[in-house]
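Every chain is named by a letter (A, B, C and D) in the order it is written, and numbering of its residues begins at 1.
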Amino acid sequence: MRSVGRLVAFSDGVFAISITLLILEIEPPGHDRSLLHGLLALWPSYLAYAVTFLFIGQVWVNHHVMFDHIRGADRTVLLLNTLLLMVVAFLPFATSVLADALRSGDDERTAVVFYAVAFDVTALTFNAVWQYARRHRLLSEALDPAGATAIGRRFQLALAWLSAGALLGAALPLLGVVVIAAFNGFFWLPIRGEGPRSADYAAGA
Amino acid sequence: MRSVGRLVAFSDGVFAISITLLILEIEPPGHDRSLLHGLLALWPSYLAYAVTFLFIGQVWVNHHVMFDHIRGADRTVLLLNTLLLMVVAFLPFATSVLADALRSGDDERTAVVFYAVAFDVTALTFNAVWQYARRHRLLSEALDPAGATAIGRRFQLALAWLSAGALLGAALPLLGVVVIAAFNGFFWLPIRGEGPRSADYAAGA
Amino acid sequence: MRSVGRLVAFSDGVFAISITLLILEIEPPGHDRSLLHGLLALWPSYLAYAVTFLFIGQVWVNHHVMFDHIRGADRTVLLLNTLLLMVVAFLPFATSVLADALRSGDDERTAVVFYAVAFDVTALTFNAVWQYARRHRLLSEALDPAGATAIGRRFQLALAWLSAGALLGAALPLLGVVVIAAFNGFFWLPIRGEGPRSADYAAGA
Amino acid sequence: MRSVGRLVAFSDGVFAISITLLILEIEPPGHDRSLLHGLLALWPSYLAYAVTFLFIGQVWVNHHVMFDHIRGADRTVLLLNTLLLMVVAFLPFATSVLADALRSGDDERTAVVFYAVAFDVTALTFNAVWQYARRHRLLSEALDPAGATAIGRRFQLALAWLSAGALLGAALPLLGVVVIAAFNGFFWLPIRGEGPRSADYAAGA
């Protein structure tokens, strides 16, 4: 079994690169109309950029929360984490597809569902790492069962929320985007009534 | 509360990637005229590249100055810092818009204002991190109030300077570029008459 | 002689960047047909993305296994490792060539061989680092000769496997892709009957 | 004065990203002729990729050699190092210009000189960091004056060699490329007759 230090450093690298590559998906406007008009017409790109940026930022924070409690990585953890990174690194493409559809107005439903599913699969692989580590007793002994359950529930909530986003987006595209944006809000902002313990664990604060 | 080590390492990653991606915005010239002519005609791209590169380099230096004095990050610091990174990662796009307008001569005013506002919002989020940390007593106790005030003023000066750049650029595009380039000069070069203490704090020397 | 810490950190950076750049090779579909159709038609790009991503992830894991046992890097190790990184950084291009050929159906044989050879040369330079370190007594003394032999054999197996992939791909393109994908499966998944010692050494678990 | 740890880590990030971005300058061939033909016709891109990759790899090695002996960075060191990084991050563009000219056969002279000058300016800023650190007594006291002189001479040799490459390339383009490629060979390969001390210092072995 290997210590998780290098796994976390490598993952941070992929998170930082993915988040920064997002901007490459936005092309400067052409010269067929005024620049101001062109820049304003790119609003779907800015929106998609911001939503994905905040989402990856959140995955980064929660990835640290998760690996603070995992004391070692066996080969399966390495593989599951690589699958998680593979989905995160895919998000700039999904973001580009969404922005493209919102700009053109074509196939918005398909694009929103594609985007939401990409987020949802991120949450799925994230949960897979946690569940595997928990079942195979790779969690730190300093973490009591109640804490482990609280964290696991928070991660499952993310999965449920993003699945709902995909389903609602299939019905009403705009609603899907709102649900995903609200997800960012929920996971970033402090939550009223949340005890300090679970706040520490599940929110990375 | 979390130690700031990982936040700083992650931020450094985003700074390093953004600064290096800038070059991707410059396309090699086509074959419709001599290469020498084509390379010379790209001067606005080189100029924009250099100004943004030095600016991000400076944000990197000052980010370290800031977090040397912040002893821990709560969830709001993480969010504010992510917003800062979101703006920094946006700068290659703004740089590309500026270079494009300077090359074509179209809509220079709009492009300069857009570019200056992007820099200005960088300074705004930067100040937000510092003000929040100060108000919520997250600063290191080794930093005396006078030092905290000196640093805060330096950061506020950046905000004022870049706001002026945006306003002046709206009046006279070239002047906006000069003001921003001068900003780089001011924040990088040693300042005559500046005491050693404030030099240490506010300039990262 | 230099310690390997910086070499490993620099290599990890190149692995993380290459793996994340892979997504830039996938273009969002155009508007000449439905988005759903366009996204489904990109399956060769998704396949190539996943295979290369898992391959680079594996190289990363095994690179750590290798350098855990190398106690210092002389100039030749630095050069050989740089050649390894040069091939890894080339893989996004080979991936793009493969996806392009699978999408268009043109020249699949050439593309599969090109892709397999790129993987094979990765394994070749990888073996060169290990063989050089072993012959020049740069291995850690904590590693007994049996362990060194076990690791070396695992690395040689990779070379043989990927060479077979290139040859089989020249005969039957699809078979080449299957052999390379199976390689990922073999090197990632735990192997039944494998003793704990060799598992530790050769598989990074 | 600041310790150089973060400066070196940030610089390593820029080196790793620049070196890995090089591949993005190579486009997969189109479908107007056979893929094999298309891949072979890209030889100038592969050549330029390899030469620049090995060059940046070398700058990375020598940057560590340099900062192993610099005990602290003042503001001017930070600025000079940022200028060095600005030139290194520019190299993918110069590489692309060279490959483009070699492929088309147009304006090879201009392209080779442009490429050689970009390398040369890298060496120039590199020497500026070292000379500044030496004159302002920022070198480690463990380095004796003879060692400092040996390192400085090695760095000056790089500057002279690359200047010669630019001049010779202006006369005969091919010769310029050969001189730069030979530079990589000279700085990477062990040098016969070189004492162990200067080898350690000046070549990073």
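Here, a residue touches a chain if its C-beta (ideal position, glycine included) is under 8 Å from a C-beta of that chain, and two chains touch if they have at least 3 such contacts.
Since we're looking at a predicted model, the values are computed, not measured.
In this structure chain A contacts its sequence twin chain C using mostly different residue numbers, the overlap staying below half. In this assembly, D is the chain whose CA centroid lies farthest from the centroid of chain A. Chain centres here are Cα averages; for chain B and chain C they lie 38 Å apart. Centre to centre, using the average C-alpha position, chain C and chain D are separated by 27 Å. Looking at chain D, residues 13, 17, 21, 24 sit in touch with two or more other chains.
A ring topology is adopted by the chain contact network, closed into one cycle in which each chain touches exactly two others. Applying the touch definition to every pair of chains gives A-B, A-C, B-D, C-D.
Residues 1-2, 6, 9-10, 13-14, 17-18, 21, 24, 74-76, 78-79, 82, 85-86, 89-90, 92-93, 96-97, 100-101, 104, 106-107, 110-111, 114 of chain C are the ones that touch chain D when the two sit in their complex. Of all residues in chain B, only 12-13, 15-17, 19-24, 26, 28-29, 31, 34-36, 39, 49-50, 53-54, 57, 60-61, 64, 188-190, 199, 203-205 touch chain D in the complex they form.
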